[in-house]
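As written, the chains take the letters A, B, C and D, and residue 1 is the first residue of each chain.
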Amino acid sequence: MTHTIREKQKLLARVRRIRGQVEAIERALNSEAGCEQVMHLLAGVRGAMAGLMAEVVEAHVRTHLVDAEKYPEALNVDAASQLLEVVRTYLR
Amino acid sequence: MTHTIREKQKLLARVRRIRGQVEAIERALNSEAGCEQVMHLLAGVRGAMAGLMAEVVEAHVRTHLVDAEKYPEALNVDAASQLLEVVRTYLR
Amino acid sequence: MTHTIREKQKLLARVRRIRGQVEAIERALNSEAGCEQVMHLLAGVRGAMAGLMAEVVEAHVRTHLVDAEKYPEALNVDAASQLLEVVRTYLR
Amino acid sequence: MTHTIREKQKLLARVRRIRGQVEAIERALNSEAGCEQVMHLLAGVRGAMAGLMAEVVEAHVRTHLVDAEKYPEALNVDAASQLLEVVRTYLR
């Protein structure tokens, strides 16, 4: 699904950061950290997941909704931006 | 933004139902209803709003992302369906 | 559910503002406004609904989780604040 | 924050499952899986995270909002259940 090597590296970096955040939750539970700290860490992962999903959706819209080789002009860039803005608002 | 008269009627019917639900919350507050009832009514409006947003996003994707008159074949219908499925999951 | 007259007035003011926002969506659909505008208005209602829900949940926690007349000292105010902070984060 | 050994084990099992799901996303990106698959995996993690957060919030409410040793009767169990139902609805 990743469409350039650079994009793939960016997504992978995000996923690895999320894995690190999940491991921090595991450590927090193991070390009997307070509820407050665990809830904070969970909220952090949720935000990071939303950011990753927004990026994947964006890649999907820009790359797959229209076959850009056959129809290089067909995607309405403004309409796509409006859509992605809505998606980002709701993903938070 | 509505693209056929039928689609417009459907969206309007949804909005009017939501307005009725909001008025019910106003009445509940005025009549000193319990927190539980108010929270239930609020959750109901939230669900109805999500359904409306999903429908508007769907209309937007199907109608505006590609100029269908100029490029009748350009929209990848499968990719659009996958996108809308994700949007619906997150809008709940 | 509202616990003081002032609190009730505040919640009612919020609900009425939301009703006005829903009516604006109805007008936008009727006047064939663009998708973008409708999606913006919907996102606005969603935000306002989340704010209202956060306030109702807060009133619920502060008033009903503990019978303050019988147990005036029992609610752990810090723990309640942490909970409400989480609720607000997730309601956005 | 975990309050019994059994509860802690349950939360840890959830976190480890989520870590496994995040690792699956990493593998999917590395193996050039389709957008659709990646979006599905992401939605799965989101659901699992919401379930974990709901459980942590529940533990927090049941354990910390009231000091149960000093005030064993003070927490209104019905009001707490209503609150947790709302939290679960919004966390989905």
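As a working rule, a residue touches a chain if its C-beta (ideal position, glycine included) is under 8 Å from a C-beta of that chain, and two chains touch if they have at least 3 such contacts.
What you see is a predicted model; the values in this text were computed from it and never measured.
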item	value
Subunit B omitted: connectivity of the other chains	one piece
Most distant chain from subunit A, judged by the mean position of its C-alpha atoms	C
Interface numbering overlap (same over half, different under half) for subunit A and subunit B	same
Angle, in degrees to the nearest 5, of the Cα rotation that carries subunit C onto subunit D	180
A-C compared against A-D, more contacting pairs	A-D
Rounded Å distance, subunit A centre to subunit B centre (Cα mean)	23
Distance between chain centroids, defined by C-alpha means - subunit A, subunit C (Å)	28
Separation of mean Cα positions, subunit D and subunit A [Å, integer]	20
Multi-chain contact sites of subunit B, meaning residues that touch two or more partners	35-36, 39, 43, 46, 53, 57, 60, 64, 79, 82, 86, 90
Topology of the chain contact graph, where touching chains are joined (line, ring, star, complete, other)	complete
Residues of subunit C touching subunit B in the complex	1-2, 8, 11-12, 15-16, 18-19, 22-23, 25-26, 29-30, 32-39, 42-43, 45-46, 49, 52-53, 56-57, 59-60, 63-64
In the complex, subunit A residues that touch subunit C	35-36, 39, 43, 46, 79, 82, 86, 89-90, 92
For the subunit D and subunit C complex, residues of the former touching the latter	53, 57, 60-61, 64-67, 70-71, 73-76, 79-80, 82-83, 86-87, 90-91
